[in-house]
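Listed below are the structures to be examined.
One chain, chain A, appears in both complexes that follow, with chain B as partner in the first and chain C in the second.
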Partner chain A sequence: MCEWQRLRTRINHDWLKNEYLKNLDGLIIQIKSSQSIENKLCRELQAYLKRWSERHGEIEKLLNTAEKGLSPRTLFEKEPLIRCTRKNKDWLAPLIHGLWLSRHDIRKWVKETETILTEANQSHALLQSYYSVTQDELQILKTLEIFSDLVGDLSRQISKFPGKVITV
Partner chain B sequence: MTNLPKILIIDDQYGRIHHSGGGIHPRTSFCLCAGIKDVTGDIPFPETNNNSPIVEGVFLRGQIEEDGYVRNDIEGVIEAIHKGWKEWPRWALIMIDLQFITGKVKPDGTIEGCESDSDPSIFFGLSILERLRQDLELRDIPVVLLSSMDRAPIEKRFADHSICQFLDKVDIDRHHGKKRIANLLQDHGLIEDPSGKIIGHSIPLLKCLREARLRARADGKNILILGERGTGKELLTSYIHQHSGRIGKLEMCFLQGCPETLVEDLLFGHIKGAFSGAHTDQSGAVERADKGTLFIDEFGAIPPGVQTKLLRLLGNTREVQRMGSDRKKRVDILVVLATNRMNLVDSSDFQADLLDRVDVEQSIKLPSLSERDEDIPALIEYFVRHYEAKYKVSLQAEERKIDSEAVSLLINQPWPGNIRQLEEVISNAINRFPRIRVLSSSHLSLPQISLDSPKKNCDAEPFYIKNSLTFSELLSQLDTFEFKTVPEKRVELTNALPNLKLSYSKCAANLLRTALIVTSKFTLENPEGEVQITPAVNIISGKKKFSTSQAADEIKRIFRQSPEDIQKYWLADSILSKAIEIAVTLRPRKGSSSRN
Partner chain C sequence: MNTNSVLGYDHARKEFSKKLREANIEIVDTLKDLRFATVALVHPSGDIKKTEWNELLKECDTDSIIIRTSSQGRHQKTHRITTNGVIVLQLQISYYEINGLQLKEIIEEIRKPGIAKAIVKGEISPRLAKYFSIIKNTNVIYALTILCQGYLAIRSDCQVQKKDGPIHDALEKMQWSRFLNSDISKEFLNPDIFNENEILRNSTDLDNQNTDYWKPVREWMNEKDAATEWSFLDGNRIVGAWKTCKTRYLIKVINGIKTDIEHTPLVAEVFLELQQLLNGENNV
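And then the complex of A and B:
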């Protein structure tokens, strides 16, 4: 498992899938069930909004480093390719990277994922404003559902990234 | 009313009380999304108005946290699985996470993790699974892998261990989570019939119900039920029909003993003038079952001439032709056939084509009652209540308790006629003794065969089942009794026998003493009462009738079989010592008489 995948596991598996998404959905079910956002649920919502503010940057970092972290060029930093001469590495590594990019459109995946992340961030901002300004429960619930679905899409999209460094 | 099924979820993150994210525990949210009622008991579970749970969940971390360090605990996991598999409701299925994070606990409560945690070849989930499949008692447990890890590297290894399904945690969301868990339970879970019509929760029955649900879904296939008489083939067919989702009705055909022409008419119907007496067109069971299910009982009794006509019905075309008509009609039916002839393939009475179409190899085997004796108490309870209600008005039948000895007696019968025979015994008992408050062994008219052929393969048959035993025989058997069980258990049970013998012999002494008091003959010459051993021994021996010499021998034997402490008790007691004195006087020799 490469360093980028470890980071992905921490963010996507441990946090988004196992914790954050479940909590957003659990909150929605509770709000719908109680038909109002009581104090306890209010505190929960506040905690989850704050959590996103704290951690969405990690997702951005994950996406920004995807190309570098998943590229077979990283193999030149490990045994046995690390033993290649500097001269050979200088031309071979970019070539391998280029070939890999031509076969796996990682930039497109990153862009698509960033789009979802942006939408999720916008939805989060909207939710934040409904929560702190209007207190409109219906709007809050509706936006919360959209936000949760976007985070779910984001998690699924992140899962689609390669599970290992693919050689060409 | 049946219990909610219970599942075990072994997951390091959800099984741990600590969580670092703020808000409610993610396990609680997972349960809300999945329709699970968390009954683990370590964290409170919210009551919600509109989210009625479909299953109860117990969460297990599978790890031990000691001195700020977390390690996996395979023995603890296996022990917990065993415990919940033996009691009812037992695990309907188990969900296992793949990766368990171990190592040092960080100041924020999260766990550092070790390099080996993320090695797919030694995932802890895999170790649990391997242990489950090696354990003969646990290998029937359905296992679902609940993980959001990339499963590609270990797909083959898990397939080798009969994994029911991989379930990605991200799919357990508020939209589909509950439905997905419900489907899992339907497809793989060992669950009771929620309608309560099929009584029981033994593993053979639950496996049969699971097979029935799966086969019911396979549209267009024919289903063959193999089962001894009285095992409930009709009920199982209703269950299949209910789970098939078919909108038509269930049409049942009972063909045993019918002549060939009648069988054909019952199945396919006729047109006016097809035979003398056919005054109008008449549909058969096949047409009436269109869009539904056709059940043909005693498929083994279908005459060879009708088998040919059945071929078209059981084939893909599903065609039916009324007697006397040349018009064929297509029907959309699920055909369920049943027979108690367990060797259809070896029989020469059936066309090979026909057997191919009913797919004998894929038949559903209904367990006999002796294979599911765990269900007998529930069946007794059901039938007792049913017949009490039935005879409440006509016979003023009263509600009664069921004596545990009666239950044990019924459990240990061979029941060649299966549930139907058990029902008859209960029905007769209620009918004959409607106004009693306790149903005991004496109310049960057991079939003769059950007295002659006691149940086989019975571990440690209870002594009281052999109700012909006297106290002395019982005490004697306690010295030599051998338990048919695993060696470790055998030693444990055998070591407990001396205590049992002490209790039994004290019980025998006190019972005899009481019997001697109540049967004493009081006369003017003997106002203290004259001890009479024969009536006393007959009282403590139930139905057995002893002569005086036999009674004397029985007293001597009980005394001789009793441990030393109890013998001292006898000799210190005036009544018991008198009985011994009489017995020795009457039968001074050591030898004993024959009881009969």
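And then the complex of A and C:
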């Protein structure tokens, strides 16, 4: 497992998918069943909104480092290719990175994922404003559902990135 | 409940359930219900307690097969047979990378006598290799695929135009032409490949033991745990028998042992062999 993959597991698998998304879904069920956002649920919602503000940057970082972290060029930092001479590395490493990029459209995947992240951030901002300004419960619930769907899409999209460094 | 059936269970009741439905596999509500399955496909998740798993394994019949899946793939987790003879296999790729048709293919193949037990022993049929091959100690494999690509790239002139032969096929698999014609090549292709082509050809020559190009692999194989790497290559049966596979010849050549094989086609064939092996593994 490469470093990027470890980071992805920590952010996406452990937090986003198995903690944050589950909590959001649980909150939606509770709000629907109580038919109003009581104080306790209000505090929970506030906590989840704050959590997103604190951690969405980690997802951005994950996406920004995907090309570098998944590139076969990283193998030049490990045995046995770490033994390549500087001269060989200078032409071979970028060549291998370029060939890999043209075979696996990582940049396109990153862009598509960034679009979902932007939509999730917009939805989060909207939710934040409904929560702090209008307090409209119906709007809050509706936007919360949209936000939760986007977080789910985001998690699924991140899961689709290659699980390891690919050289061919 | 049918006692000779294929059953599926998805703890999250989301993505993997979709794949199971695509493959027309009956989905059960609890992990315990899988005890009736001949072949069970399961996406567990961390919420399942170890005791629940152990209960299930105890209640399954001998020779029943449990295939565990996950969103990440279960890289390098070993397959096993429990004390009461239940075969537990770990799908090595994420279920996101599989569709219903592939699930059907897996089940069809795995139900053939002896196939699941063979997987536990590491003898995996080519049809199932991409799903169950556990590829460890891949340092030399990855390094060789990289060195082969560089070697072929600087010998690529005119080879793309030829319509057959291993060099043409390898360059095609590398997508060399596509790369040359893309914007990406402007960003990453070092002009030395063309400007200093003759020098680079000499410096990567397999005949010359003084060149540095193949030295990383030569040194690594000789000084590190060559035995592990060799047994790994053997265990994975690269495109048929190890004794005849081209990678073995290339390693001999890298180590200065003369063979009567022409080098550039050999490197191309090695790349094709390793590409086939790793594509099964990657399946992206």
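Definition applied: the second predicted complex is superposed on the first by the 168 of 168 C-alpha atoms of A that agree within 3 Å, B and C clash if a C-alpha of one lies under 4 Å from a C-alpha of the other, contacts with A are read in each partner's own complex, and residues count from 1 in each chain.
In this section, contacts are C-beta pairs under 8 Å (C-beta built on N, C-alpha and C of every residue); 3 or more make two chains touch, one makes a residue touch a chain.
Because the structure is a prediction, the values reported are computed rather than measured.
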So, after the overlay on chain A, do chain B and chain C clash or fit? They clash
Message: Quick check for you: in the superposed arrangement, does A:Arg51 touch first (chain B), second (chain C), both or neither?
response: first
- When the two structures are overlaid on chain A, which partner does A:Lys111 contact: first (chain B), second (chain C), both, or neither? neither
- Message: With both complexes overlaid on chain A, does A:Val165 touch chain B (first), chain C (second), both or neither?
- Response: second
For A:Leu92, using the defined touch cut-off, is the partner it touches chain B, chain C, both, or neither? Pick first, second, both or neither. second
Regarding the shared-chain residue A:Lys78, is it in contact with chain B (first), chain C (second), both, or neither? second
Q: Pick one for A:Asn18: touches chain B only (first), chain C only (second), both, or neither.
A: both
Key: First, second, both or neither for A:Lys61, with chain B first and chain C second   = neither
* Asked: Taking the superposition as given, does A:Arg156 touch the first partner, chain B, the second, chain C, both, or neither?
  -> both
Among 56-64, 182-190 or 236-244, chain B is struck only by the chain C stretch 56-64
Chain A positions within both the chain B interface and the chain C interface are 1, 9, 13, 17-18, 156, 159, 163
Per the touch rule above, chain B residues touching chain A in the complex are 13-14, 19, 21-24, 26, 28-33, 46, 48-51, 118, 148-150, 152-153, 168-170, 172-174, 177
The chain C residues in contact with chain A across the complex are 15, 45-46, 71-73, 75, 93-94, 96-97, 139-140, 142-143, 145-147, 149-150, 153, 173-176, 178-179, 182, 184-185, 187-190, 192-193, 200, 203, 212-213, 215-217, 219-220, 224, 271, 274-275, 278-279, 282, 284
Per the touch rule, the chain A residues reaching chain B in their complex are 1, 6, 9, 12-15, 17-30, 32-34, 43-44, 47-48, 50-51, 148, 152, 155-156, 159, 163
As the complex stands, chain A meets chain C at residues 1, 9, 13, 17-18, 72, 75, 78-85, 87-88, 90-92, 94-99, 101-104, 156, 159-160, 162-168
